[in-house]
Each structure stands twice: as structure tokens, then as C-alpha cells.
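Next come two complexes built around subunit A: one with subunit B, the other with subunit C.
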Partner chain A sequence: MTATSDTRAPSGRSAYALGWLRQNIYLVLGVAIVGGFAFIAVFAEAIAPYGADEQNLLFALEGPSAAHLVGTDALGRDLLSRVLIGTRHTLTVALTSVAIAAMAGIVLGLISGFVRGWPGRIIDAAVDIALTIPMMVLAIAIAAVMGAGVVGLIVAISISFTPPIARILRGRVLEIREEDFVDAAVMVGVPAWKIMLRHVLPNASTIVVIEASLQAGQAVLVATALGFLGLGVQPPIPEWGTLLGTGREYLQAAPHIVISPGIAISLLVLGFNLLGDGLRDWLDPRIGA
Partner chain B sequence: MTGATEATISASAMPDTADAPILRVSNLTVRFEMLARTVQAVSDVSFEVKRGETFAVVGESGSGKSVTALALTRLLAVPPARIAAGEVILDDRDLLSLSETELRDIRGSDIAYIFQEPMTSLNPSMQIGRQIAEAVERHRNASQSAAMARARELLELVRMPDAESRLAVYPHQLSGGMRQRVMIAIALACDPRLLVADEPTTALDVTIQAGILALLRDLQDQTGTGLILITHDLAVVAETADRMMVMYAGRKVEEGPVDAVLSSPRHPYTEGLMGAVPRLGSSLHADASKPLAEIPGLVPALDRPIAGCAFAPRCSYATGQCRSERPALTTVGQDHVSACFEHARIGTSP
Partner chain C sequence: MARYLSLRILRAVAIAFAVVTIIFFLFELIPGDQAMYIAGPGSTQAEIDALRERLGLNDPVIVRYVRHLVGLVQGDFGTSSVFKADPLSYILARVPATLALTAAAILLTIVIGIPAGILAALSHNRIPDLAISISVVALLAIPNFWLGLLLISLLSVELGWLPSFGFTGWASLVLPSLALAARLIALVARMTRGVMLEELGRDYVRTARSKGLHPSVIVIRHVLRNAMIPTVTVIGLQTGYLLGGSVVIERLFAWPGIGDLMINAIGQRDYAVVQGITLLFVFGFLIINLLVEVLYTFINPRVRAV
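The block that comes next holds the complex of A and B.
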């Protein structure tokens, strides 16, 4: 066994790379899917066979054909083009709101974990309360108050996604605060805010990165759900949830309209989830499954 | 043992240029106040450290030596800890009454701390050059490049091979001994007057230990820093310290020059600690068949007051008086004090 398999084994470096790929297959798939959508989002106009708003009423509600690979909608617009161009809107909303939520969550989580006494306790209680409200309900409520539109959508998602990040970071900060190197920094005379930013946050950052990438998938779901309900991005902008919402009216006559945005949503959410899981396995083997 | 001890002591004897102590701890008492009970971890401990002197604090786990060190640097988390009484005077300033801001100016520049665990005392996500430079920047108002240059100097000072290239290295790329050298470099960054080293070599191999201790001693010769060495290792004490204090159950039980204490201990606990040290080559002696001595019993719980001497239940010299009355510290020799009624009998029985 040993002699033959040794000679047949690939050279050290490629064996290592292969092993790494196999071990981090989730990460690879997640990066590929999310990267693919990001590419589409940037170069959507060049890739799309038609313009997003190019109408041809003669071909309205048509099923898949050579000219329109996944069919057309009620106004005869090419659905493939609308989904491709819509990638930009969905992705922008999801990533922007997760980025804002991550930043707010980092500030709140750092303070509530590191500062002993009332500032930490107040934040902690507020986060506790926010976590009892289902994320989707909270987002719908905020969107309803803010009014429909991209800004309202981003505000709604960022606010409802901040508490989980604050909570998960707080736990990690509580752990790191007890580490010797934090005491060592205190003992050198480093002020508390610098210890938070320089010694605590960098060592807690992986958990935020992992949580944020998992949240991005959730953000896609919330953004498209709000779009579907008419609380998100408004037509004629071809955001995926909005595409689903308008397609719903023709569900009986032309079910193909909702299929392509539906697949796009599922695929992107899957991509973010794989990315999050993959990052977790790769960056933090201790908590990996 | 005695011969070897005396040799090392005379070698490490310090010129008494300044006899005024740089640190004076008096009547330090530390309590941990929890819901159900209060533990008095340190009771009424007083000592002084002079310039250029190495002062060893010895005791087994739970004797209060680490709490003493943490209390005098104000690193204890308050609450649950409370410094109930005492003064810690460093150069005419009482550290216990300083505000956090004032403390920050003193920490790192006047008083520095070397932690026990070199594996966890460095920030894993920061290059070691940056970590050393941080202390310099903080206290010297140095520019980043000047601080880096100083960091390189410090790495050379602690005999880090290839210092220049090690500046950009992360802690996980260094061995335990090398990390402890980095910790010492950080501690020395601003020429502190007083260095507190809490078991600086306990986590290291014996060979690395010797190197680190020699390094500390040399650096101390160069800088005149006072060193408080917390340890349970009497070999380390014999090798490096000038004076020593033995702690038991949160109290000082014996204090004196290292050679005096180790050659004629005047407290049964000190004697017991010495008996529990294995000695290489002891099999050549007549007592080869004698098993390694241990001190029977455990350190007492400190959550209620102890009547009499805390060590009495484990002590072979104990009398009725020991169990009812706490012995005060009495002078038993030149600069040598002991808290034992029976100090004259130590070394005479079993």
C-alpha cells in the first residue's frame, strides 16, 4: 500500500492545494456563486441580451424561446435581462445594509462587552429586547414607517440585523477581555479605547466576518420579501423581490415569470450561506461543524 | 544546597548606591467580596523593594502572592476584589489612591509587569514590533519610526537573535522563551523603576528558564530596576533574589536576606517548602531512601477568620499557643523576621 500510493501521489504542493480545496469546498462554492453574482451585478448591461425596460408588447407573457431564454413579462420585457440587471439592486441593498449593520453591531458589541457598568448594561438590555422581535416583522415595521423605497429598505434591514451582530461580538469580547494580553496592554498604560480597537477587535473580527456573510443571505431574503410585499424597491426597477411581486398577478397564465427571479434568489442565498459556513470552517476550526 | 546558595548570593549582591526603597507596601489587605462569602486573600502585608534589588515573594498556590502583585499594580478587577487597607508607595505616590488616568501614566513607564504565560500575554493578531513600539509611543511621545527603532534596540537588548527581521513577526511564529523575551522587552520599553514578574519562567523549559533569569539579572544590573519576583520555585529564588518574603494564607510569615532564610529558615512553612524541593544527586547521600518531603494538609480556606497561626494544623512544631493566638512578626536575625512562636526550635526536630 505504502510504496505504490506514495509514487502515485501528486507532488507535495499540489496535494496540499487539493486537500485544502476539498476541505474547504463550501468556501470555494460560496466564493464562486457570490463572485459570479457580483460579476453579473457589475457587468449586467453588457451581459444582458436586452435592456431592462425594453418593451415589446407583441411578445408579452411569452414562455422560454430562443429569443427570450426564460420568457417575457406582461409588458414583453426580457426576463433574463431584468433578472441579470436586477442582481445589482438586490446585491446592493443586501450588502449595504449588512455593512451598516456590521459597523453598528461592532460599535455596540465592543462597548457592551468591554465597558463595565451602565453603558454596557443599557446596550445589552436594548439588544436583548430587539432580539425578541422577529427580524422580518421588525424590518416590515421599519419599512412601513420609513415608506417604500431603497433607502427605507436599507435602513430597515440594517436596524434589524444590528442586534445579532452586537450580541455575537459581545460574547467574543467578554472572552477576549479576560486574556492576558489585554491585561498586558493595560499594564503598559494603553487607554481603554485603544485596547478595544487594537487588541480586542482584531481578535474578534473573524466572528463578525462570518456572521455578516451569513447575514447577507438573510438580507437578500428580507430585501426580496419586502420588495415582493411592495415595501421595498419600487417598479419598474427590476429588483428580484419586485419582479416576484409583479409576476404574482400572472401566476396562473404565466408561471415562468416568477421562476427565474426565484431561482436567482435561492442561488444567491445559498451562495452566501455556503460562504459563511466555509469561512467559519476555514477561519475558526474550533466552532466548525 | 547551602554552599551553592551562598555562592550565588554573593555574586548577585547589589551595590547599595541608594538605600531608599523605591516601593513601600504597608499593611496591604485585599478582600474578594462575593455574594455568599468574603475571602481575605491578602492580610496586612508590608514590604519594601530597594533600587536594583530583587525581592522574591514565595509561597504555594493560594498563598496570596499573585494577588499581592496584582493589587499593587491595581490590575485586580474591582469588584469583586477590594483593597480594604494599606498603602503602596512608589516614589512618594500612593498607587492605591491614583485615578485611572494617573495610573495609565505610571503603568509601563514607572512600573511594569511580566506575566506568567508568554503564550497568551501577547496579542496574537499584532506584529511584535508594533506591540513593543506601542509602549514606547504611549510614554515617550515618540513618532512611529522612532518607536520602531527603539523596539529593535529592545529586542537586541533581550538578546533576540535576528532582531531586525523579528519586528514583523507574529507571536505564533515564536517559541515560548522567545515570547517571554518579547514580554521583557515590552516591560523594559520605558526603563521602569520597578518590574513585577509573576512566575516569569514557570511556563518555560528549565534550560530556557536559566537563560531568561540570567537575562533579567543582567538587565537589572544595567538599569538598576527593582524587581519583584513572584515564584514558588526556591531554586529560582536562590539563584536570583537578594531578599525574600514567604507568604502563607495571605500573610507574610518570614522575610529576610535570601542566604539567611535559605540557610536557616525560621518558619516551619519555609522549612517545609525547602524540604519539598527535589535535589539532583541526593541519591548519593545517605538519605537516598528518604522520600521527598511534603507538607501535610492543604492551604486553609480564607473565607472565615483563622484563630491562631494559619499554619498550625500542618505544623510539626505547633503548640497550644499556636492554635489559639496568632504569632506576630518578630526579629530573628539581621533583617530577618518570622511569624512563629517556636522559631528557635526550627531545624531541631523531625
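The block that comes next holds the complex of A and C.
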């Protein structure tokens, strides 16, 4: 970002850097947005002007003002502070779920793509079946069974996000399995698990990283939707979807309540989407749009 | 062709059976006594015990699983704790509203998404293209329920143009279906733009141009037909998203469909209804996928040969 505002004639290394930044503008923007939210998540208490649960009923349901930049909620809590502190909850749920889904997807995808015979075929069939359950319906059903709360939410999202990763990785592993270096490793007697981890996975990791960052945006959408439905993180924790769910009740009297959490969700999803698209363009020019 | 179709149908039936099994054992994990929920508050321990015995909840899990399978085939969805009966008729009464909502969303997707994609491709790198591309990126980031809240706030609360609560006539369909379709409209517009640009660069287009065919004839008769194949696929694949999204949207707009019923049932711990609706969504998705595959073989003759 500093490089693009540089007006001097670029030369040598800086010209290269400038060109790279311009070519990977999605990636740069994605990293900036997601990085910004990560910073807010870590230092939320220091940045927020008020505490998340600091009530002042005298100022309930007030619109934006100098004291409360985006207004207050029904209990007179500062909305900006609640959204800033809520970043941590939404981001933690999304990243934890995607990390779990990625790990499970890697194990299942590697085995179903690499191991010939029944273990691969059973996993492949199971992934096929899981993919026929609409993701949101599966997440809602699991959240209903687990009960509302952070743990149920993470279990629901990570289970419903595992099959797509397993399926995408399997496709790539099937390609890699035909490469000469895999044949060579098999011939010199390297055990299958070692070939999978040392030789196949590193070559297939790009596609997992890209899919995981695109999924992180989806995870934010599902987590906040479940919070909105009352099946996710419970009030008074200021998770963004939960904020929208409670704010909806005051839509007529105080429509400003639903503005700031919605902008926060959209920006974070936009950041993850740009990050995923940018990573794909940068790491895998073959798939580029 | 007949062999291909019967294989696909057989596969769908096998998957349906597997999903029924997975969902059954998922709902076995729910803590608490189902008989207690069904008997309701204020019933004595003796009544609860009698009910549990009558519903066969004391039987081993494998017996209950088989009974569940047999029941489903006969159209028996268990015992609802709210309706005190088989919930199937209550669920089916709400299906038309959900079908209307998703059908309207698909219609909006076709009517808005495809022309937007065509317009963007034909004005490549000029202002309409940029405006549409930016809208696509924005729509893919905005959560559907927040879009719904904004639409309600602006068009219903502020301006009073459209109803936003329940079903009070066909105008009620506008806001929920728009909120539900937004993401799909963006996906289809992006997809249509991409394949159109690809097709416009092909040799047959250059040939048609050089022999003096009018550009609109080239686009309508040749390019569009080829560009529709991936677009139909995207719409088909995304019906899963529409069904899942309809749960959230129905809740927001108090739309009287099965998604709204599902969330009510979760709140009331009426797991027979939750399980029944989950299965209904999966069956619906399977049937739509099957239809898309059939449709696909008709639009794309290349598949039929395989």
C-alpha cells in the first residue's frame, strides 16, 4: 500500500515489488482486511471506548453521536465497543472451525485419493453422501442436537465444512499419485503414510490453503446466521450474528442497531473472499479466473 | 439413456438410505428423555414411563432404527412433542410456502443474474461491466439475513411499500425471495460473464462475424446456448444453498414454510419435527439434483454419449 502511493520513478527491486503488488491487489487487500480484523480481535479491549457490558439505561437505543459513534443498544451499551469486542468471538469460531475442517479434510482426502481398495472407497462414498446434505441444514441440525453455544457451533461448522475439502483434495491427490516421483518412492519401499505426508501432501497443499481461506468467509456467514437464529453464541456475548438477532427486535425504534454488526460481517467475509481469490491467482495461475 | 437414468435413480435411493441412517444416529446423541418432552410438563413419572413403553423408547437402538426405517417408508415420522401426533401432515402443510419462496428465488436469479452477466460480458472492461462486477463481489460478502434486515428497514418500515411479516398476499414474496436470491444472482452473473467472455473469443464467433451475421444473432443463437450449460449447473448445485438459506430467511420474515417450523421445533425441543424436516430438505435436494442431471443431458448432448 505504501508502494502504490510512491510517486518516484521506481527502479530495480522496487519496480518488481510494485508490479507484484499491482498484480496481486486482491491478495494485498485481503491480507489487509483480515489482518486488520485480527488486530482488532487481539487488542479489542484497548481500542474499544467502553466495556462490552457497560450499561447506561439513560442512553438506551440512541442513534450515532460523538459519545457513541454508532449508537447504543436497548440496554444503553455502546455498539461500537460491542462490535469491536465481538470480532474476537466471530473470528475465533470461524478460524477454529475451518482449521478443524481442514485437518479432517486432509486426512480423509489423502486416504480416499491415495489408498487403493476399500478404505479409500468407503471414505469417498461417505463424502459423497455428506455432500448431499445442504451445508446450512446440516449445521442447523447439528447445532440443534448439540445445543446452542460456542462448542456446538464449532462442531456444527467443522463437520459441515469437512466434505468439500476432502473432495477437492482427493481430486488433486489422484493426479499426484500418477507422478513418477510417487512411483519411485513406492519402488524403494517408502511406507504409504510417509509418501502421503512427505511427498503427496506438500504438492497438494496449495489447493487446501485456497479452499480453506474461501471457506473461512463461508464459516463467518454460517456462524453469524446460527447466532442470528439463536442457535450459536448466546447473549450477552457480543458475537456479530447474535447482535443482529437481538437488534432485529428494535428494527422500528432503532434501525441503527443492525447497521454496524452487518457491515463488520460483510467486510470480514469480503476480506476472506479476496484473500482466497488472491491466493488462487498467486499460487495457482492455472486455475485463475 | 434409460440405463444411465436408472443408475442415477438407484444411486439417489442409496444415498437417501445412508442419510436417513446418519440423521437417525445423530439425533440419538440428543441428551435428555424424549418421552418427558412428549408427555409435556406436569405429567407424572408413571405417565412418562407408560408413554416411553408405548412409543418403544425402551427398546434397543437397533430395534428403534429398523422401526424408524419401516415407519419412514410408510410415511410415519415419529411422535411430535408439540402436535402430540405424527408431525408429517403439519410439515407437509408448510411445504408449499417453502417451495414458493425457493421457486421465486430461482426465478429472480434467472431474470436478474443471467442478463446482468450477459451485459457485463458485452461491455467488457467498460462501466456496466465494472458496476456489475463490483456488485457481485459485494453481494457475495453480504449475509442474506442482514440484506433482509436492510430491505425490511428501508422498503417496509421506512417507505411502507412492501409487507415484511408472514404471508398476506403475493407482495409478501418479494422481499424474502430477493434476500434469499441475492447470493445466487451474484454467482450466476459472474459465471455467465465468465463463460460468455470465453465463448465470445472462440473461432466460431469470428467466423460468424466475418460472414456478416448481426451481433445480436451471434449472441442469442450461438453464444448464449453454449454459455447456458455451466450456468444451469451452478443453479442446480446451489439449490442446496437455497434450501439452507430459506431456513434463515423464513425465520427473519416469519414466512410460514418448513424452515420457520424447524427453528420453532428446535426451540420447543420437538425433535421428531426437526428430524423430519432435515430429511425432507435432503430428499428435496436429491430430487432437484436428479432433475438437473436429466436436464443437463438434454442441453448438453456430449454427456449422453458417456
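Keep in mind that, in the parts below, the second predicted complex is superposed on the first by the 280 of 289 C-alpha atoms of A that agree within 3 Å, B and C clash if a C-alpha of one lies under 4 Å from a C-alpha of the other, contacts with A are read in each partner's own complex, and residues count from 1 in each chain.
The rule is simple: contacts are C-beta pairs under 8 Å (C-beta built on N, C-alpha and C of every residue); 3 or more make two chains touch, one makes a residue touch a chain.
None of the values given here were measured: they were computed from a predicted structure.
Bringing the complexes onto one copy of subunit A puts subunit B beside subunit C with no clash. Contact with neither subunit B nor subunit C is seen for A:Ile47 once the two complexes are overlaid on the shared chain. Of the two partner chains placed by the overlay, only subunit B lies in contact with A:Glu179; subunit C stays clear of it. In the superposition on chain A, contact is made by A:Pro191 with subunit B only, not with subunit C. In the superposed model, A:His199 lies in contact with subunit B only, and not with subunit C. Once chain A of one complex is fitted onto chain A of the other, the partner contacts of A:Val31 are absent, as it touches neither subunit B nor subunit C.
Touch criterion met: A:Leu251 reaches subunit C, while subunit B stays clear of it. More residues of subunit A lie in touch with C than with the remaining chain of the pair subunit B and subunit C. The superposed arrangement places subunit B and subunit C with a least CA-CA distance of 15 Å.
Residues of subunit B that touch subunit A in their complex: 73, 75, 103-109, 112-113, 115, 117, 120-126, 134-135, 138-139, 183, 186, 189. On the side of subunit C, the complex with subunit A involves touching residues 15, 18-19, 22-23, 26-27, 29-31, 137-138, 140-146, 149-150, 152-153, 157-158, 194, 240-241, 243-245, 247-248, 251-252, 262-263, 266-267, 271, 274-275, 278, 281-282, 285-286, 289.
Against subunit C, in their complex, subunit A makes its touches with residues 125, 128-129, 132-137, 139-142, 144-145, 147, 217, 221, 224-225, 228-231, 241, 244, 248, 251-252, 255, 258, 261-262, 265-267, 269-270, 273, 289. Those residues of subunit A whose C-beta lies close enough to touch subunit B in the complex are 179-181, 183-191, 198-199, 202-203.
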